[in-house]
Every structure is written in C-alpha cells, then in structure tokens.
Amino acid sequence: MAGRAMWKGFIHFGETSVPVKLHTAVKENRVQFHLLHKRDQVRLHQQMICAYEKVPVPPEEQVKGFEMEEGRFILVDPTELEQTEPESSRMIEVHEFVKTAQIDPIFLDRAYYLEPDITFKEYNTLAGLLEEMAVDGICTWTMRKRSYLGALQSSGKTLRLNTLRYVDEVIPVTSLELQKFSLSEKELNIGSELINHLTESFRPEKFTNEHQQRLQALIDKKARGEKIAILRPRRKKSTAPDKLLEALEASLRKVA
Amino acid sequence: MSRKIVEIAGRKLSLSNLEKDLYPAYGFTKAHILEYYRRIANVILPHLQDRALTLKRYPEGVDQEFFFEKRCPVHRPAWVKTAAVNLEDREQMTVCLVNDLETLMWVANLASLELHVPLARAASPGVPDSLVFDLDPGDPANILDCARVALILRDLLKPLGLTGLVKTSGKKGLHVYVPLNRPETTFTDTKKFSRAVAEILQKNYPELVTAKMAKEYRRGKVFINWSQNDSSKTMICVYSLRAREKPLVSFPLAWRDLEDLAGQDDPEKLQVISSEAVSRAEKQGDLFSEVLVKQQKLPHL
Amino acid sequence: MAVTGIWTGTISFSLVAIPVQLVKAVRPGRVSFRLLHSKDYSPLARRMLCPEEEVLVPPDEIIRGYEIGPDKYILVTDEELESVSPERSRTIEILEFIDLSEVEPVYFDQPYYLVPAKGGEKAYRLLVEVMRRTNKAGLAKFVLREREYLVAVKSVGEALALITLHYREEILSEEDLEPAQGELEAMEKSRLKKSIENMMADFNPEHYADQRRDRIMDLLKKKAKEQGQVEAPRVEEEEGEGPADLIAALEESMRQVKKSR
C-alpha cells in the first residue's frame, strides 16, 4: 500500500490541468543502531558545538550565515529568508517535455506517486501518452515552502513525480580528472562480449537485503550470549594491467 | 558583445564581452581590465607563480553578485596549469596556477577582478614563504592609522633582525609582509610569532591597536589580523585589482613614502589606481620582489 | 596523488578485479548556510554528547548498539559488522549486467562516482568503454558501513557512477492508487499529444535554475553591501602564552622603539 497522501496539487501546462495527490513511494527498512558511550553505554545526543569555545550552543544562540569568503559570513535571520520563500502554490508547472532516455539517473532524487484527485479521465490520457511517447515532463512546484525541480513520469497506468537534482548539486565528471588510456580492439571486443553474456533482464525481486538478515542473526546470537566469530573482510586481488586480456578471455570461457 | 581572439605564446585565447563596463561608476570595461593585467603581468606573475589561485569573479560588475572560485573552472584551455590540493574532508580539489601571461588573461577574462593566493605555494602547502600582518582599520580609524601601526611594526622588527615590506590592501588597510623563504618554516611558527607581536603592540598602544577579532574590540582601532597566517587563508595578491567603485590596486609602498604620507592628512593619497600602478611599475619595477627571495629566520621560537 | 574517498575496495565482474575508491557525486548547492554561534560567529559542528556525564565524546569512545529493550543494548563493533558480509565489505561484485532503461526511476537512490586506484586505471577505462558500447549497466551488491546496498554501476562520460538502489521490498505498491481505466476519448488524446509535441525540448539541466537560490543570492548581495560580513574567530590549537623568549625579545625591542619615538 502506498503511503498517505502528503500533498495535493495540480499538473498544469497549456490548457491542461490535472488535479493529483502526492504519496511517498519508498519506505526504507533497516536495522537501526544508536550511538552509545563505550564507558557507560549511555545513548548519546547530537549537539551543535561552537568550534571556538567548544561548548554546546542552544538553538536561541544559533544564527545562520552564508560563507562569502574564508571564515567570513553574511548573517541572515529567519524572517529575511522567509521572504525569499516561494509563494504557496498548488501548481505543478510543466515547462517542457523531454525524451525519458535523456534523463541520466544521476539527476534523480526522490520519487512520489501521483493519485488522481476526483477526476481521472485526463489523468489516464496523460499517463497513457507519456508512456506511449516515452517522454517525461520537466516541471517545478513548491511544497512545504521549498521549490522543487522534477520529472513527471508515467509507469503506464499511473503518473509519478521524481524530484531532480539541480546542476550545481551534481559534481561534474570532468572534475574527477581521469586519465585517458588506450585499449586494444581485442580487449574491447572480448569485454563487450563478456557483458552481453552476463546480461539479464532486470528482476528486482531477485535481490534481497541479505546483509540485513545476517545482521539480525548476529544480533540475536549476541543477545543469547553466543560468541561471534570475526571473519576478516577479504579484498579481491586486483587484475594487473598486463594480465587484463588474459582475465577477460578466461572469464569469457567460463560463461560462454 | 564584442569578442576577440588573441594569440599568446602560440596559444589561442578567446576574449569576450570586452565592452562590458565592470566598474560602472568609473567607466572601466573588461577591455581595460585585460589591458591592466597585461601591462602589470611582469610584476604580478612572480607573486602568482605556483600558488593556488582563488578567483573572485564579478561577471556583472563590481556592484553586482560576485562569487569565489577555489576550484579551477572545469571548462578551461588545456594549457592552464593546475595542481591538486587536499581538502579537509579527504577530498581533493584542482586549483589553477597562474604561471604565464595567457593564463592571467584567461582568468581576467572570466571577470576575476581580484586574485587571492595563499602564503604558501601549492606544492608545499604547509610552508609559508612569508609572514603577514594584515592591518584592518575599524571605523572611524582609517588607512592613516594603519600607516602609523605599520611604521611602529617596522621599528619593532628591526632589532630582531627582520625586514618587512608594506603594501596597500586596495581597500581600507595595509599589509606588512615579512619574507622568510625557508623550507623549515611552518604556519604554527608564523602564527605564534605574529600573534605575539600583535599582542605586544596591543599592550603598548591600546588606543590604536587590537589583536582581538570580535567586533566590539575593533571600533576606532587597527586590528592586526594575525590569524591570516594559516594554510587555509588567502591574501589579495600584490598588484591585483580590487572590486571597489574605482579600480584601486593592492600596491607596494616604499617605507620612506609611507612615512611621508602618514604625516599628511589625506588617506586617499595612499591609494593607487590602476593607471598609476602601471606607470609606477613600469618605472620602478617590482617593489615587492624581496618578498619572494629574501631569506629570514624568525628568532626566539 | 592519492585521492581518499568514502570507501576503498575493488569492483569486480567475472574474473576481473579493479581497485577503486568511492567518492561523492553530489554536493550542496550554491546557497547553503552554516550555523554560527551568535556570540562570536564561530561555525557550529555536530558532536556527540553523553547526557549523563555531560561531556563531548570523541569518535574512539563511541560504539553502536541495537536496542532490545528500554536502555538495553546489544553492542556491535566495526569488526563484527564487517564480518557479517566479509566479501562484500571490500568488493563491489557485479552479479549481472542490465539495460538501465528497464529500471524504473523510483529505484534510484544516491549517486557516487568510482575512481580508479593505483594500478587500476586501464581496467577501469575498459569497463567504462565496454559499458558504453554495449549500453549496459552492472548490477552489484556491496556493504558500506552498516548497510548492504544493491547498486547500479554505469558509465557517465569517462567515469563510472555507482547509484544505490532501493530494494523491491522497500518500494510501496501503488496498486491502490490506480484509477479506473475507461475509454480514452480520441480527440482529447490527440489534443494532449499535440500539446506535448509543441513543448518538446532536449534535457539540459543547466537550463533549470533554482529560483529560490537566485532570490537568496540577491538577498545576500544586498546584505553584503549594507551590513558587511562578520568573521569567525580562529580556533586555537592550544590556548597559551607565547614562547617566553619571544615575548622578552619583543618587549626589549618595544622599549627601544618607544625611546626613539
């Protein structure tokens, strides 16, 4: 079951207006740990500490600053920031449509499900069309005083809204300054063949969080007072550059 | 907007928006800025050489939004030299090194009016080449008060066997540099030394000098910002333009000239504007060259 | 020129193993604020505090615990955590390759980049190149700190990006949100299709500016002019007096200066 509706809005572009309700699409499930003081096993609290005086600072002594220069800040108070907040609006404004394939997953942030609100004919038409044309709508909206950029998507029967990262939030690949390396056609061909042999269709149900299960088992064991065997993490031996072709060929033999 | 392609040392560079007025109250365009840096290149380049540049860009002019750029802009010509510096969260960052005229022109073309560099070179970020006394006047104190402090500082360092050089910040204050140029110097040393000096001056001239950063202590006094002696800090490079109403320059002054000017009443007389900077540099050469070569040792540490 | 990242290990597919480091792919945007102490404008940092002893606790005195009852915890050390999935703690093992277009966008969580460690540059480049040629991405599992992730490894330009995925069991069903399907009116559909076609463009993230950030920048610009900036005090390594010798020498020098002035 999808999460409760957290927001209502309407998709708008041209003369089209589709009222929708937003639902969360993901619910994380993991073993929660608390941080404790080793000495007395007391649960620790997170505090904001003043780097200069090294004392905890209560919220009323905290102020927001924007670092213009090294160690120099411009102070802003909450009322000033409020004035920069976008006006409340229920509109999910679609600015353009792009081919779905053009959106690199690196830009995808959080996904929401959209449920039609009251009327659903236009919703269905839009959902069907977006899938048929393989396009996403690039849109902006404001929710809870924050502005969002997102992609309006279709999964066939339902519409989804996926927030996108802004370009200044994604570190460009060029900043990694990776070296160029020449590779032989042989290595590239065998590599490609290997990948094709190892290609499967995406079936997410194949993958479960095994670590989670084993972690839970570890905890249960410890709770019963049993001893835990410490297994050292094993690092795989790296393939030396001059043995790369050999390793590729051996791999291909194994799978083909 | 106009665009021009130039060739420097066999390298092509595209210069853009030449007519854009970046100092609107004064009438100093991108073309003027490029021309300034071209003509001052001989004296400024040695002070930028091999240092991690922090660009301060004013794409729309001095009265509009500016931004600092420590990372070397990704879209850069292949010939721009760079270095890798370590950041505190274990990441690395690529910085620009302005080692030649064409890189200086490229940086100026990006409307980086101000050029800021650390006290250490990129290859040895923990070794300061000099110690700096950053004199910052608190209203209503002004550059003339800084001049007084700078002269006392000069006299204080003499018996210790140390020579300093002074330059205008191009804004309200003065910078006194003590060249060291020794591989064993650390920022711990320079910070300790400059702090001790600042505190002695504060003790002896309490109406004129403060060594404390908090705003409440600085009113009407000259703050000696000894904490600038740190690997994470940058200083405006000598001969760099400043982004004020007028294109003033961070310009070196001879001590004897500072003595004369300190006695007069006009704080503006200490400031050097771009055209004057060019003619003085062309006539006298680099008045700050000693900062890069003189070797001195901090005593009593 | 070692680049230390978030995690160091190997990425493997079949019999090929490449030493790599995991680094960030996401950073805070242009306008991000720091919290400061209103007294001295010193930046604030998050630290762990022991409420009972009222002391700040350094990282080596912190242990993680799993709560099994009120104030009852099972302690788990880093070593024990790593031993739960020892292979996966140091290796991103690509189990298979897939066509990324088969993965619904809802699965994608956090992106990172992988950069080659020493000796792995050639094999890294090969993996990037062949993934690009075949237009496939690798599906792998690996353990980072306390969690095991299902990840997609794809080529982005000249690099490998690693994007964590949500598990199927974490994706909520949307069945109950599906509207009743009815006859789609042909005219409505064709009108809408035309509308969409008129608004087609190429995806270019550079075009989408964050308006709120622009407004905040305007505000900051204005404040910089009107009020100027405040400066944070420098954090001392040790508070203490300067070296005695130096102070003495400076005081002697000061005496000489005062005499001559």
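Per-chain residue numbering starts at 1, and chain names A, B and C are given in the order in which the chains are listed.
The rule we apply is simple: a contact is a pair of C-beta atoms (placed from the backbone, for glycine too) under 8 Å apart; a residue touches a chain by one contact, two chains touch by 3 or more.
Owing to the predicted nature of the structure, the values given are computational and were not obtained by experimental measurement.
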Nearest-to-centre chain - CA centroid comparison: C
Contact-richer chain pair [A-C vs A-B]: A-C
Greatest separation from chain B - chain, by CA centre: A
Averaged-CA centre spacing for the pair chain C and chain B, given as whole angstrom: 34
Rounded Å distance, chain A centre to chain C centre (Cα mean): 10
Distance between the centres, which are taken as Cα means, of chain B and chain A, whole angstrom: 43
Chain C, residues touching no fewer than two other chains: 23-24, 40, 230-231, 233-234
Shared interface positions of chain A, touching two or more other chains: 68-69, 71, 174
Sites on chain B touched by chain A in the complex: 68, 71, 74, 94, 232-234
Chain C partner contacts - residues on chain B that touch it in the complex: 63-65, 84, 90-92, 152, 155-160, 188, 192-193, 195-197, 199-200, 204, 213-215, 227, 230, 299-301
Touch list for chain A against partner chain B, complex: 68-71, 172, 174-175, 177
In the complex, chain C residues that touch chain B: 1, 3-5, 23-24, 40, 217-218, 221, 225, 230-231, 233-234, 237, 242-243, 245-254, 256-258, 260-261
